[in-house]
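Pasting in a structure now, in structure tokens, and then I'll have a few things to ask.
Naming follows writing order (A, B, C and D), and every chain is counted from residue 1.
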Amino acid sequence: MIQSYLTVSILLFCIGIVGVISRRNVFTVFMSIELMLNAANLAFVTFSRLHETMDGHVLALIVMAVAAAEAALALAVVILLHKHKGQLDTNVFSLLKG
Amino acid sequence: MTNDFMLLMPLILITAGAISLMLAAAYEKVTIEQAAFGCMGIFGVAFLVQLSNCITGHVAPYETVFNNMLVISNFTRVAGLIILGCGFFTAMSAQTYFKQNNFCTTEFYSLVTFSACGMLLLTMVQELISVFVALEIMSLAIYILVGYDRKNKTAAEAVMKYLMLGAFAGAFFTMGAALIYGGAHSTQFSSIGQFVAEKGFFNNPALVAGSFFVIVAFLFKAAAFPFHAWVIDVYDGASAPITGYMATGLKTAIFAVFANFLVADETLRSSWVTYLFYFSIFTMFVGNLIAIGQDTLKRMLAASGIVHTGYLLIALVAVSAENFSGNVILYYLAAYAVGTLGIFAALSYLGGDGEKRQSFDDFKGLARVRPFSAAAITIFLLSMAGIPPTAGFMGKFFIITSAIDAGQIALAVFGIISSILSMWYYLRLVINMYFHEATDSFEDTTSNRYAPVGTFILAACVFVIGLYPVII
Amino acid sequence: MEHNVTFLGYIPLLPLIGAAVLGFFHIGTCNRKPLNEKFYGLVACIGPLLAFVLALRVFLTLKGMPEEARYLSQKAFTWFQVGDLDITMGFLADPLSSLMLVFVTLIGSLIHIYSIGYMEGDKNIGKFFAYLNLFLGSMLILVLGDNPVVMFVGWEGVGLCSYLLISYYSEGTDNVLAGNKAFIVNRIGDLGFVLGMAFLFWAIGAGGFDYFSLKANAHSLTPGIALAVCLLLFVGATGKSAQIPLYVWLPDAMAGPTPVSALIHAATMVTAGVYMVARFSFLYAHVPVAGEIVAWVGIITALVAAIFGMFQDDIKKVLAYSTVSQLGYMFAGVGVAAYSAGIFHVFTHAFFKALLFLGAGAVIYAMHHEQNIWKMGGLKNKMPKTYITMVIGALALAGCPPFAGFFSKDEILYSALATGHVGIWAVGVLVAGMTAYYTFRMIFVVFHGEPRDQEAYDHCHEAPAVMTVPLIILAVGALLAGFLNLPAIFGGHQQVTHWLAPSLVEHHPHASLFVEILAIGASVAAFVIGIRIAYKRFAVGAEEPVFSGFSKFAYHKFYVDELYDGIFVQPYKKIGNAIRKTIEPSVTDAPVTLVSKLYMVIGTAFKVFQVGYVRVYAIYMIVGLSLMSLLLSQSLN
Amino acid sequence: MFEHVLSVMIFLPIVAGLILLLTPAGKGLARLTGLVISFASLILGLDIFFKFKEQAALQFVENVPWIPSFGINYHLGLDGISLFVLLAGAVLMPMVYLLFTTKEKGYYANLLIVQGAMAGALCAADMVLFYIFWEIMLLPIFFMLGMYGGEKRIKATLKITIYTIAGSLLMLASIVYVGVTYHSQFGEWNFAISQMSQLQLAGPVAVLAFFGFMIAFAIKIPLFPFHTWLPDAYTEAPTATTFVLSAIMAKIGVYAVIRFVVPVFDGEFARFALLLAYSGVIGMMYCGITAIAQKDVKRMLAFSSASHMGVIALGVFCLNVQALTGSIYQIVAHATSTGVLFLFVGILEDKMKTRKIEDLGGIAYKAPVFAFFFAIAMLASVGLPGTSGFIGEFLIILGAIKFNVLIGVLAGTTLIIGVCYMLWMFQRVFYETTNERTEGFTDLSITEGLTFLPVIVLIVIMGLYPQPFLSKIEPAAQQHIAALTKADTIQIAQSTHAQPAEGHTVEKKN
């Protein structure tokens, strides 16, 4: 039972990773990252059920809060990037290299 | 209790200051100068308070108040001291920097202060989720600071890269925290330590994987190979004072928490030593190889920052969980911080309008025109290169000593070799400054003296710290 | 009897002071109006003359002492003392050194006087006399030193002076090259000397390094070491005394002013080697093998040099080779353990060879620095004094009884024969004949016959008194010196031999009367034959011969110089150039530059990884992460 | 005051130099300061020389804790070995200011700093302190070479700097290793050199540490094949720098070998002595032969200096008191001969604007005093008896023969090799005929003459009466050799000589 929850969370996490490294749209990348965070939250909740303590839930909530803040910043950055280049392909932004 | 309160004072000061600065930003009347003074004042006061705390060596694990989430020891205190110093000098050089680049608003300083408060928290938190929160407080502020120049394409790109990869690493961190929570029934370092001590480490996959992810996240923030790639572009894109700030304060905070986490238990630490060993070697050499190829100063310094991360990892390998003092790490961080801050302070007033002087060749013949600045920069470079009698040398010396003392002779030798390799690019700038005729007049567009003063104070500090290594 | 006297040190010191004074004045004035030559001449002569007086005093003091205790010594100060090595700056006057002392100072003084005339009008006369005094001082240190190291000081000092004086006319590249050659070849010898001393020290030096202690400890030498030391020291001797294979510098040394050739390259310095071997007689006496080698090297040198001498056409070169040849005799003498005979030949040779050189100098002076004998001729009418004195010298050199050379040379040949070295004796006799031949070849060609260069002949004139007087004094010496060591067969008592006995380790062979007569007869015969042939060929109207076959080979001195040049000098320079051009940049320096270049290249190549695409950076992270987790899974199970 | 004389000798010049750098002082003032300071330290040096007692122990000791937690002290001291290198510096430095009057401020300031740093490296009795001074020593050289050097100066600068720093960083690792071993063996942190001789070092790591030290010093000396930085640096550097490098700094390398490697790594040292001796002697021959092919006087002198350093180093590796004393003596002798020759060439260059040998000639007629002094220095450097050069070389060859016959013989060839290139150069520069360039050569001025006179006199005095110097050197040398012979691994089997004749009663008649 617990295992399957964990499996789901691991799967989510891996999907997130694959998303980050395979997709080139800034939005999608951030969504994949959110996916990873949520996988972590799922793991938290699962474990707190496993240990029959509540603090896992609390931690999950904190993580969500922080993730929200991060997301807000991410959106701002997305807008900024779009202002500059008019598109959101990450490969476009490669002035800094070498 | 009051005493413990005093120990938290700097943190409180900084936080309050940050908030008040942000509020002040709402008023039109508050000029940037005033904000800068405010920021400097806050950092200065906090610094002094922290200094007095350092002198009264007294450890306060806040069992009751914060339920072991915060611990204040000499280690955290000195780390905090370094961070506050970094903040102070960053504000100082930003002062002058924004005379030549005008994209500053009052919030800038409040953000600097916010990130400082995140860093201070990082040094003393002893619990994973608090670490995550502190990390994010710091990071979010710094993300914004990196991309503060909205008009600037490179800044935008830098913040994009930093944000994406940082969030990516953050995700790893949370996952790691979750797994550790699953494995060790707790997210507090102390209880994790106890758990490992009782139940063992490698027989607990969740714990192993979790701590693995956490360490990866730390290594990312500390820009260790192979998680270093972002650092060069981000440092390049950010404005000079912020780069200096990131390179010093952020690194200090990260290494403080990293050390705290590692020394939660000896078996935990020793089981990661082999990995850290390889990490540090690769980090040093990759850093050197990147640095030697760079043409612009900032990117070179970023790469050399990677090398210094490698040295710090040596120190981490050499610490022991029993009787952990972390002096060596702190001393090296202090020495490195002084040098790096100094160079970026110098860059922020020598860089010219919109940082037009960036490459090595732009600084040809600086010594002919502005001998003192050139001398100061030389001192910083020598300190980073580890030439006596500078602080950098002492730091290197202590690190090598601790490494050999811990039986890591190979690591020490690699450290030596990499510092030989680092000579090339440090000397390259010195040679450009001294042995060529001046092509540029290096005119002083601003009448502002803060950054120069800061530079020379730091130059003095290089020798003071070098000749009186008190904290050791 | 008080042995420790303080005035020994002054003997070398006086000329040195003279040198210092002269040098000071010369350097002080040489780019301004020069001082009066006479001044230099006088100052120059004071030192040697005083030294001569002191030398006589030393000699007489010794004479007044009981024979077995005949020595004076002075320990001036501890020169250097490290561990067992304890070298004092000490001087020792025993019969051997006192004899050398006397004739060195005597001839030295004479030649100084002579030089006043010869060097007249030379703008660097101050420098010349300074060098000359310096030389005399070093020579006296060499003679007086009471241990090998002090002797070595003089040994190198005279080498330096010879270099300075050979390259005295330093505008001429050849002269300087000759000087360099002399110094370097001498240095090769000195290496032998130094190594010899080193071995000697480690073998027996711990008990004191002065001659007395060495003599006392000599018996504890292992034969191998003893032989090594003897040979190494002899290498030094061959360098200084121009023996095979290091004789090549002496003929070139004639580039110097003639008085220099007379003093340094004939009378005194070149005989230092013989003196040194005699000094170490207590070693050589132990190892007959070494003696054999010395003797053979000597006699072969004598032969070869004599052959060269027969074909030279430069008057000074003839004398130079005859010097080499005579030195060969001396080494043959000391080689067969007849040290006193060798030293005695040194003594007599000093007189007649100095005489011949100075005479030649007078001739050259008269002929306005013409040295080719085939440009002279019939000079006996023009310069009778020179002629007569030179004939005396020539007779002495050729070994005509009763001139000095006869007795000394005969002594050597006799002892060679008496000690059973028939081969050496035979060669010696042959060389005696050749000596007579080439000596009188020179005399006849220069002084007899018709003038070959009328115009030069008309201008030439007898030398001034300041030059002829020394000639005459030397002539007297050349005439009479032989009688000092008259062998018993002529009713003499061999005073010199007895005089030297205390300071030498030799046993006098007692051969039958027949052997003595045979030796004398043979050398007389050789002399007669040689002079006869010379008379036939050159007495009247001889012309400059054209050489071919062996004579051509000999005329070019067997091409030895070319050989050495090909074997040693050129390769040395080639190696140097090779290192400078190729090895230094491309072998020793290469690794350093290569490393740094490589580093740069890799660094630049490394920029490729900083692609600038954030995705790729994320991929780096994941790759590193997966690698790590692979490692981790390894360690887990 | 006097108990701090070493500190004064170290920090007086350094502080003066720094003040010069930080203040807008003019050239003249800078030179004057340098002159005064250097004379002051000359007087101090002489004072030390006469107060110095003839014993092996450290003297004028100062010992102040600096970093107690690592047992690092500010520990100074002087013994017979360091004394003379220190004196060589103190005696020779004033000449530079007297001779080169028209250089820039930084030139003199750097000279001051390097003088102080060298004094520090010589007096340091604590390994870390020594290392610090050792590195500081390099910085002024770096700047002088780079700022006032010839046209190829930057390449030369990079080469010498990175080469030397690489070496010294390896040494740092070795120092730390030694200190840590001391900590593990005696349970307390200590970096004092005197303590280190008690260490039991063994095993591969010890060998590595030994080579860590040796390579650092070999680069500084420089020993073959680590000499490749030398010709470029010596040739490109301004005269004073070359002078400092050759006359004093190279010697500090030799001194350091005696001071650090011999007591600490006695076993390894004895084991590798033969190898090192070969490297010394090969370097001597190699550089000597290379010297004769040089077209540039300064470059030729550079190689000759390297060649002599080979001999000096050899003396250290021969493991007997004669050779060791000899090489310490030769250190001073070489400083006064070759160092001074570099100064002469500097003057020559300033006057003739060239260093090419074939452009020169006949200078002896134009400048007799110059030629005379030059000749004396040259003769000293080829080791003519009666000059300072002979004593050292003789002792070294003597010792080398005892150590190993072949090496001794090879070392002896220095007599020949040296004289070859020197005479060859002397002929073409001073003899032969003048050309239009050398026609205008003017002799030394009175000041210059008086500047050189003391050194020339010193050369002769040291040749004729070396005992006062030797008697100060010998005790320390004896002590080091004793420390070595205690190490039972010495191999002198190669040397074939018979044992010294003990027991034979020698009646000394006098």
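In the analysis below, a contact is a pair of C-beta atoms (placed from the backbone, for glycine too) under 8 Å apart; a residue touches a chain by one contact, two chains touch by 3 or more.
In this text, all values refer to a predicted model and were calculated from it rather than measured experimentally.
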Which of B-D and A-C has more C-beta contact pairs: B-D
Separation of mean Cα positions, chain C and chain A [Å, integer]: 98
Centre-to-centre distance between chain D and chain B (centres being mean Cα positions), rounded to whole Å: 44
Distance from the mean Cα position of chain D to that of chain A, given in whole angstrom: 66
Centre-of-Cα separation between chain D and chain C, whole angstrom: 36
Sequence positions of chain C contacting 2 or more other chains: 596, 607, 610, 612, 614, 618
Multi-partner residues of chain A (each touching 2 or more other chains): 20, 90, 93-98
Shared interface positions of chain D, touching two or more other chains: 158, 162
Set of all touching chain pairs, with the criterion as stated earlier: A-B, A-C, B-C, B-D, C-D
Complex contact set, residues of chain B against chain D: 375, 382, 386-389, 393, 396-398, 400-401, 404-405, 409, 412-413, 416, 419-420, 423-424, 427, 431, 434-435, 469, 472
Touch list for chain C against partner chain A, complex: 607, 610-615, 618-619, 622
Parts of chain B lying in touch with chain C, wherever the complex brings them together: 160-161, 164-165, 168-169, 202, 205, 208, 212, 216, 220, 225-227, 229-230, 232-233, 274-275, 286, 288-294, 421, 424
Residues of chain A touching chain B in the complex: 6, 9, 13, 16, 20, 26, 29-30, 33, 36-37, 39-41, 43-44, 46-48, 50-51, 53, 55-56, 59, 62-63, 66, 69-70, 73-74, 77, 80-81, 84, 90, 93-98
Partner chain C, residues of chain D touching it in the complex: 158-159, 162-163, 225, 227-229, 231, 286, 289-294, 320-322, 325-326, 362, 364, 366, 368-369, 372, 379, 384-386, 390-391, 394-395, 397-398, 401-402, 408-409, 412-413, 415-416, 419-420, 423-424, 427, 431-433, 443, 464-467, 470-471, 474, 477-478, 495, 497-498, 500-502, 504-510
